[in-house]
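Two complexes follow with chain A in common, the first pairing it with chain B and the second with chain C.
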Partner chain A sequence: MAFFLGIDVGSGWTKAAICEDNELKSYAIVPSGGDYKKAAKEATNLALKKLNLSVKDIKCTVATGYGATMADFANDVISDISCHAKGISVLFSNVRTVIDIGAQFTRAITIDNDGRIINFIMNEKCAGGSGKFLQVTARILHVNIEELGRLSLESKKPVEFTTACAVFAESEAISRISEGARPEDIVAGIHKAMASKIMTLVTRVGMNPDYAVTGGGGKDIGLVKAIDNELRSKAYIPYEPQITAALGAAIFASSK
Partner chain B sequence: MKRYFAGVDIGSTMTKVVIFSDRIEATIIGPTGPEHRKLANKVMEEALNLAQIRFENLSYIIATGYGRINVPFADRQITEITCHAKGLHSLLPTVKTIVDIGGQDSKGIKIKDGKVVSFVMNDKCAAGTGRFIEIMADSIGVPLEDMGIISLTAEKAAPISSTCTVFAEHEIINKLASGETIPNLIAGIHESVATRVSAMVKKLTIEQDVAVTGGGAKNIGLVKVLEKKLGCSIIVPPEPLITGALGASVLAKEIFEKYEREGQMPVRSSCGLQEAKIFS
Partner chain C sequence: MAEEKKGRALATKAAASIPKFVRGNLAATIKAKEEGKKVAYAYIADGQDEIMRAMDIVPAWGESFAGVCAAKRDAEKYLQKAESDNFSRSLCTYATCTIGFDMIRSELGVDIVPDAPWGGMGRPDMILGSAQLLCDPRFKWPQATQHYLRDVPIFVGAMYYPPFDPKLNHHEQEKFYVKYCTEELRECVKFCEKHTGKKMDWDRLAEIVELSDKTWDLFIDTYELRKAIPTPMDTGDAMNTMVPLTFNLGTQEAYDFYKQLYDELQEKVKNKEGVVEPEKYRLIWAAGLPSWFALGDFQYFNSKGATFPVEVTYRGCEKIERLELPKTSDPLEHIAWRWVRYWTHWYDKARKRPGSLPKVERIIEYIEEYKCDGVVFHSAFSCRSWHAGIIHQAETLKKVYKEIPILILEGDIVDISSYNEADTHNRIDAFIEAVDAYKSRMG
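After this line comes the complex of A and B, so read on.
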């Protein structure tokens, strides 16, 4: 019996996934906070605890993500793009385009049959299509970020935002609220603005009707629906979109 | 009989009104704010009080700026680019290039005889606009109006690698936490805005004299960095915020007089000093 650990230290959340025979057995998600080292240990311990295992049961660990080097107990570090591609290929073998919506960055990745990267584009210059945009929206509407998706689906008349800039959209949203726009219409409008920004990334990297949405953004059904409308298809959504890269890292660890 | 004209400039952040005869009779600058977007009439009332005239004394009114449609009592709307060019030319006739740094956009305008020759504009991204400086001032806890002076005491501008305002805010908070000085940070903030504004304005062939207007012109630190980036000295008008409203009032006068010369009366708005009911 051999267990393998993948640990993804992201800018917002740290994810741990434990695999056995290329199969996911346990996972944990904790906020990264200000101490990535601590977050990496915490996520690992939580995931181990669910299986009643201890660190010595792990045969190999691969770390990935923004703060990968902080998980200093890992045997190896592999880029998050590669881990994403690997993770999704295990979950959905037919998916060729991955849209990863993280706390700070949004990436579009195209992959081949074997889960290898063909091309990728990362949006690191602009918060417009990233999870940051959702955080800003949740803050001004005083709702939990988890509620945005459900709220968005209730919208009958999404607000048309004239901008994809997170800063300008915030003031535009406040103006619309002061004129009486409904919160659900604001959220649906924000989702639309994000989706059109994400669309430009996907078009540049290469669009494929079989695409998946991963990362925290994949948990927002309103956003996923807006992306589906833009791309005129239906996204594959993993059971837990946030751990895709951690899963990929664990699979890489298994083959070491 | 003395004739009076008005220019109303509804910016994203500030609303400006100028009452003009053959000279500036009154200027008012007040915040636009979300709830004030429909209240251009209030700012106009203040300006009328200051000039000691009544609304009926105004012969022609032009609205400009991003919220120009929210001024029901205006007789005509003209874009802020045209008004800026006109206003600046009436103050500083030698200027050929205007750099306008507003609360929600920035522009470069080439002018000849008070008319627009060409222009470039960024209203898509908050980086490179006044909003960037406003947000950073807020997050480091320095009043916006003190940013310029404080930056002049910097030893070395702290480099800010993020373009996006949202990411740069995090970067600045982290830098502050790891011991970077406030003056160095502010100098870095100005550097970031000046880099983006100058890159945009350089798409026009810059001809001297160059003037800077908008709220950004009130920031001496930003103006200094901009001079370095553009490689020339920059003129700051005495009241850089009112250029657009002034231009609108001067155009109001010119348009009215043109009608008069042709023996016609211009069509006036039928609305009195009332709140806006439609919004842009």
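After this line comes the complex of A and C, so read on.
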């Protein structure tokens, strides 16, 4: 028995995935907070604990994500874009376009048959299409970020936002609240604005009908629906979208 | 252009000698007064270098000084100063950096601005602008500068060249453009004569132009040595070695520099001495000015086994024989032909490939000749004239050529607040992995 660990130290969350024979056996997600090193260890220990394993049982570890170098116990570091590509190819072998919506960045990635990157594009220095936008929305509406998807689906009349900029949208949303707009319509409007921004990334990188949404954004059913509407297709969503890069990292670790 | 505060490894000895060149150019603008010479604010690729050299006018290059400020991470004070007088942060930061510098000069009422990186630029006696790059700051920058240097006379010429249109035969239009450029240069000479009180020595100008042609040839011969595998020099060095061509054209020092570089590269090629060992990936820097404050990113590429044997940026010349310039005894007309043909000599090639563009043809030519596996662009937000077309070039390249990996980095030339090192390195990591996958797919 050989176990392989993938650890994805993201700007918002740190994810650990343990694989055996390219199969996911355990995972854990913890907030990254201000100490990435601590978060990496914590996520690893939680994932190990679920299998009653210790660090000694891990044959190889690959780290990825914004704070990958903080996981100093890893044997190698691979970019999160490659890890998302690899992770999704294991989950859905037919998928050729990946949309990763993280806390800070959104990426559109096209991949080949073997889960290797063909092309990728990231949002510019703008939070417009990223998870940050959702965090801002949840804060001004005083709801949990996990509730946004459900709220959005209840919308009858999404608010039309004139901007896809997270900063301007915040003030626009506040204006709409004061005008009496319903929270679900505001959330649906934000989802629509984000989907439109994501659409431009996907168009530039190359759209394939079989696409997947990964990262924390993949957990937001309202956002996924808005993306589906924009792309006129249905996204593949992993069982736990947030751990896709960690899974990919574990798969890379098993090939080391 | 300049060295960073933190030492940056350079592959060639010649590149390592460049900071001395840049310092020398800046020092010359300060010393000019003692030597009874006039100083002119000048802007790169202006076509006026040789006129200045022939009339003993010392050029003070705005872009060079702004690049030094950026590389030394000491530009913020000038950018903020310009911003305080309502110059938007999104304007060309080469321009706003030097405008902020002159605002301080004007406020202090001094000729030499204290605490300026490498001594700063001396106060100009004239401003020689050139708007030929169809870049709005190239018109407005000199005029805005004059706002703070009220007594300094200004000349803004324009060296246009025919636009590319696949349906139009530019050869028919070239003569008109050359005539226009020649007249602009003649006006520049008149302006310089008026403000120096000296007459142009036309024989001397002809000699200088001839030396420039020789320097263009030698530059290309030298850079073509980089086709070797492994390449002996990459873009990280070229961002330094462009200095003599860009800022010292028409001088013996510039020619001698490239002779020295040629010899050094030839030796490296003979010894198969590359920039990185092993050289795994060869990339082209296809467009965009670099972030002068982050030149270390070239080494980051190198650390991944990637090198840049070729770049479009600052390769502002071509072998003279390839331009097929008509013979003329007028050195100004020769400069004009050389300028126009430098841009148009990719037009015929672009016309032959439906949907292509001259800039894309140039990239394709370099990819083929330098055996590149991937393409990198840098989009500097404050340089609209060049960078606005980058996505279009990248899309066109894929459409008319092949699905080669492309990376578009984002940042600025001078404004460090636009830069995120972790994000940039993350993109480079993923790009290198994409290039690796591309190479294995291509066998």
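Simple rule for what comes next: the second predicted complex is superposed on the first by the 255 of 256 C-alpha atoms of A that agree within 3 Å, B and C clash if a C-alpha of one lies under 4 Å from a C-alpha of the other, contacts with A are read in each partner's own complex, and residues count from 1 in each chain.
Criterion: a residue touches a chain if its C-beta (ideal position, glycine included) is under 8 Å from a C-beta of that chain, and two chains touch if they have at least 3 such contacts.
It should be emphasised that the depicted structure is a prediction, and the values quoted were computed from it without experimental measurement.
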In the superposed model on chain A, is it clash or fit for chain B and chain C? clash
Could you say whether A:M122 touches chain B, chain C, both of them, or neither, answering first, second, both or neither? second
Per the contact definition in the header, classify A:E146: touching chain B only (first), chain C only (second), both, or neither. neither
Does chain B (first) or chain C (second) touch A:F168, or do both, or does neither? first
I'd like to know which partner A:D35 touches here: chain B for first, chain C for second, both or neither. neither
Of the partners chain B and chain C, which touch A:E160 in the superposed model: first, second, both, neither? neither
Pick one for A:Y66: touches chain B only (first), chain C only (second), both, or neither. second
With both complexes superposed on chain A, which partner does A:I78 reach: first (chain B), second (chain C), both or neither? second
Under the stated touch criterion, which partner chain does A:V136 make contact with: chain B (first), chain C (second), both, or neither? first
Once the two complexes are overlaid on A, one stretch of chain C runs into chain B. Is it 91-99, 307-315, 325-333 or 397-405? 91-99
Which residues of chain A are in contact with chain B in one complex and with chain C in the other? 124-125
Please give the residue numbers of chain B that touch chain A in the complex, ascending. 12, 34-35, 37, 104, 123-126, 131, 135, 162-167, 279
Chain A touches which residues of chain C in the complex? 391, 395, 403, 405-406, 408, 410, 418, 420, 422-423, 426-427, 429-431, 433-434, 437-438, 440-441
Within their complex, chain A touches chain C through residues 66, 78-82, 105, 112, 114, 116-122, 124-125, 204
Sort out for me which residues of chain A touch chain B in the complex. 104, 124-128, 132, 136, 163-168, 171, 174-175, 177-179
